[in-house]
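Next up: some structures, all given as structure tokens.
In the two complexes below, chain A is the common chain; its partner is chain B in one and chain C in the other.
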Partner chain A sequence: MTLEAYAISKNYGDVQALQDVDIRVETGELFTLLGPSGCGKTTLLRIIAGLEKADKGTIYLNGTPVSNIPANQRPVNTVFQSYALFPHMTNADNVAYGLRSRKIPETEVRKKVEAGLEMMELSEFGDRFPNQLSGGQRQRVAMARALVCEPEVLLLDEPMSALDAKLRTNLQIQLRKLQKKIKKTFVLVTHDQDEALTVSDKIAIMKNGKVLQIGSPREIYDRPNCRFVAEFIGTANIIDARRDGDVMTTSVGDMILPELPDWKDGALVIRPEGILLRNDKPAKNGVQTKVSEVYYRGTFLDVTLETGNLRVRCAPHNKIETGDSVWVELLEDALVAIHD
Partner chain B sequence: MLLTIPALALIAVSFATRGSYGEIQWIFTWENYERLMGYGLFGWSPDYLWILLRSLVVAAVTTTACIALAFPLAFFIARQPKKKRYLWLILVIIPFWTNLVIRTYAWQLVLSPDLPIAQFAARLNIIPQGSPLYPSSFAVYMGMISAFLPFVVLPLYSSVEKLDWTLVEAAYDLYSSKKRIFLQAILPQTLPGLSVGAILTFVPAMGMFLVPDLLGGAKYMLVGNLIQQQFGKSRDWPFGAAVSLALMALTLIGLFVFRRKGEDMEVV
Partner chain C sequence: MKKFDKPVLMPLCALGTIAFLYVPLIAVASFSVNNSRFGLTWEGFTWKWYAALFHNEQILEACWNTLFLAGVSTAIATVVGTALAIGMSRFPWGKKTASFFEFNLYMPVITPEIVFAGALVIAFATLRYFSSIFEPGMVNMIIGHVTFQVAFVALVVRSRLASFNNEIEEASRDLYASNGYTLRKVILPMLTPGIVSGAMLAFTLSLDDFIISFFTAGPTSVTLPLYIFAEVHRGITPKIHALSTVGLLLTICLVVASEKMSNKSKEKESSHA
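After this line comes the complex of A and B, so read on.
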């Protein structure tokens, strides 16, 4: 089922939580709302769920407006950040909750609950209560509770923020597999960029109630469209630049781009992976400089150069030390022009 | 010690005999309990049993009515902005600053024939023109409910204030009807405050004698009045002790039933 949010605005008193937000999520897509806390991503999710009403704008499910359908009638379920499991019910009763609300015959409820618990590898925990489970298990109960209702759209509000890093990585992969298997539309809210890059088909980067960029993880990472996106995701070298004829004049030297921007003054973004160390002067976009810092990070060396404080990543077997004189090449395909 | 000695003494006294001048004579007898069960000098009559039953009903109705009123009130207060909340809580508490006797007399005044409530009732032909609304069971319930409402509102409010609203949202998100949201997401969370409030109301309501005395008139006798009479005017301590113990037993039974009901509700 496709999901569309069209021109959604929402104010809390003087605070503009959302300003004219448009998103479109295709059927079977895992769409992530990514941004720092207070950017409005959770508010948007709650509006989609029907737990909050937008001041302006409409939510469409499969092209039908649902703004006036209350949350308990929308074919949408939510996995809450705190999981919101009912503490006085067993895990099986928790999972059965939505089905019983819909007055589905008890034999069918049992079957679906069993299947749901099995899918989440929780079969042996059905008779226990939520407070007898670990955080990761509780999160899976919450997932099962939402999924047995077979929602057309599943909303996940920071479902992994309360879990430790290792477990989180594991669950991210499981989440991705699960979503591919059941082919439903998922909308995920997170402030964790690694999570967003790992699991998403598409990411919307939000800031101060606005969507700044929507794209695949690769597009977002490789082609950020503004300074905020570049800095929010991963590490970025941002170099002030000015267009002079066919070349870009920058603080680190003249650069050649495959395609020139249409502005005069702006900046170039390049990821550390886009800068390569060279023995000799490269054919274009070369910079000769000294190494000011080197950190060994296990899988790579984190090198900082004197010129423009450029950060470079290179393989850990490179013998580089502070003070070494080096040539680097800023790969022209890795350079992104931004203007904001 | 301080609690058990008087209780044990009460048990002992309840099996003693009243002397002709109201003193306690230590002659063991079942007579007090027989009398309570209705076996008197002139054969069997259910007067005392009626009093016990009426007390039970009055206490149960008062508790139920207080809960029914306290729920919306507690939610109303909890939904106010912080500053206003305290104002409302103070308004709930202020009546406590006045003695119950005075508050009960105030009800007599409120229900007196010159004031709108009685006049309105008279216009509806419920009572004759120019007469007060008391003594009546209506007046007793008004007095009882107003006396005990804060005891339910305050503990209930403390539960409502701590309510985890995401559970309510989760229930709503999972296709719950309003009734199911209340029973499954709100009630279990407020049950601790609710049971404290119910006990704080039910137990003293069982033994209440002041309100029925002033607002119920002579015909509206409850166990509390009976006990007070036996220890006071009648000077029949042994019988009074027997009635007191019967009241205690009834209260315990009432609480037990209430607890069972509470547990049942959690399973709904």
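After this line comes the complex of A and C, so read on.
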């Protein structure tokens, strides 16, 4: 089922939580709303769920407007940040809740609950209460509870934020596998950029109630469209630049781009992987400089250069030390022109 | 100075306070089994004052009145108070309305009971123009007790409501439940410990209420506190001690039971973040 949010605005008093937000999620897509806290991502999710009403704009499910349909009648289920499990019910009863509330026959409920618990590898925990489970298990109960309802759209509100890092990485992969398997539309809210890059088909970067960029993880990482996106995701070198004829004049030297931007003053973004260390002068976009800092990070060396404080990532077997004089090449295709 | 190394004063103070609180109660309990009608001297152990209690028609009637009053008023106050608490915290009232309600909820708690009782007398006198139901007696007493019990029940239930977050109810709505279904399956079960302890509080408040009862009672609705008050005018007898002791024991049982109950529910939720 496709999901569309069209021109959604929402104010809380004087605070603009959302301003004219448009997103479109295709069937079977895992769409992530990524941004710092307070950017409006959770508000948007709650509006999609029907738990909150937008001041302006419409939510469409498969092209049908659902803004006036209350939460308990939308084919949408939510996994809450706190999981919101019912503490007075067993895990099996928790999972059965969304079925029993719709008066589905008990034999069918049992079958579905059993299957749901099994899918989440919780079969042996059905008779226990939520407080007898670990955080990760509780999160899976919350997932099972939402999924047995067979929602067309599953909403996940920071589902991993309460878990420790190792468990999180594991669950991210499981979430991705699960979503591929059941082929439903998922909308995930997170402030964790690694999580977003790992699991998503598409990411919307949000800030102060606005969507700044929507794209695949690769697009977002490789082609950020503004300073905020470049800095929010991963590490970025941002170099002030000015268009001067066919070249870009920057503080680190003249640079050549495959395509010139249509503005005069702006900046160039390049990821640390886009800068290569050279023994001699490269054909173009070369900079001669000294190494100011080197950190060994296990899988790579984190090198900072004197010129423009550029950060470079290179293989750990390179023998580079502070003070070394080096040539670097800013790869043409890795340079992104931004203007804001 | 060495002997002051160990803290002596504080434990002594604590013991003194406990003695101050409990010695009178222990005295009452021991006089209730003292085989002496008036004296403060010990003249042997006896159950006869307790036996006399159960042969005294007036006392038995007062007991029945007390329990009936407490039972009925608690039942009403629990339902109304719970509804009030849920309504106050779950309906999106404006800020001013909400704080007005809040203020009103605390009024019966902080108003001197004697003022409250006086107000009830006037209210019932006015109502008597319209119906004879409001003659002094059980009906008035029940209404009077409910008026102050409601606030206590609502306060206890409200603090319980505040302890679980909105997401629980949102989750229920998200899972296709109507408001009624959510109330029955989620809110009320989760509130049960609060409702029970609110009800127990209301029950004990009604049991030993004197002032409101005194101002609203009729000739056939004498409760134990009223009876004891009247009896004491004629001098304290060991029968009264026995009656007080029974009352004390009942209260202790209630308190222990409610304590156990709330501990149990806390335990159940302690690890639920």
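Definition applied: the second predicted complex is superposed on the first by the 340 of 340 C-alpha atoms of A that agree within 3 Å, B and C clash if a C-alpha of one lies under 4 Å from a C-alpha of the other, contacts with A are read in each partner's own complex, and residues count from 1 in each chain.
As a convention for this text, a residue touches a chain if its C-beta (ideal position, glycine included) is under 8 Å from a C-beta of that chain, and two chains touch if they have at least 3 such contacts.
Just so you know, these numbers come straight off a predicted model, no measurement behind them.
S.K.: For the three-chain model obtained by superposing on chain A, do chain B and chain C clash or fit?
M.R.: After superposition on chain A, chain B vs chain C: clash.
S.K.: Touch test for A:130: chain B only (first), chain C only (second), both, or neither?
M.R.: second
S.K.: Figure out whether A:12 sits in contact with chain B (first) or chain C (second), or with both, or with neither.
M.R.: After superposing on A, A:12 lies clear of both chain B and chain C.
S.K.: Figure out whether A:149 sits in contact with chain B (first) or chain C (second), or with both, or with neither.
M.R.: So A:149 meets both chain B and chain C here.
S.K.: On the superposed three-chain arrangement, identify whether chain B or chain C touches more chain A residues.
M.R.: Ranking chain B and chain C by residues of chain A touched puts C first.
S.K.: Between 5-13, 113-121 or 257-265, work out which stretch of chain C sticks into chain B after superposition.
M.R.: 113-121
S.K.: Show me the chain A residues, by the header's touch rule, that chain B contacts in one structure and chain C contacts in the other.
M.R.: 49-51, 70-73, 76-78, 80, 82, 84-88, 97-98, 101-102, 145-146, 149
S.K.: Using the touch definition up top, name the residues of chain A that touch chain B in the complex.
M.R.: Per the stated touch rule, the residues are 49-51, 70-73, 76-78, 80, 82, 84-88, 97-98, 101-102, 145-146, 149.
S.K.: In their complex, what parts of chain C are in touch with chain A?
M.R.: So the residues of chain C touching chain A come out as 164-165, 167-168, 170-178, 181, 185-186, 189-190, 268-273.
S.K.: Quick check: in the complex, which residue numbers of chain A touch chain C?
M.R.: The touching residues are 49-51, 70-73, 76-78, 80-82, 84-88, 97-98, 101-102, 129-132, 135, 145-146, 149, 162.
S.K.: Which positions of chain B touch chain A when the two form their complex?
M.R.: Listed in rising order, the residues of chain B that touch chain A are 164, 166-167, 169-177, 180, 184-185, 188, 266.
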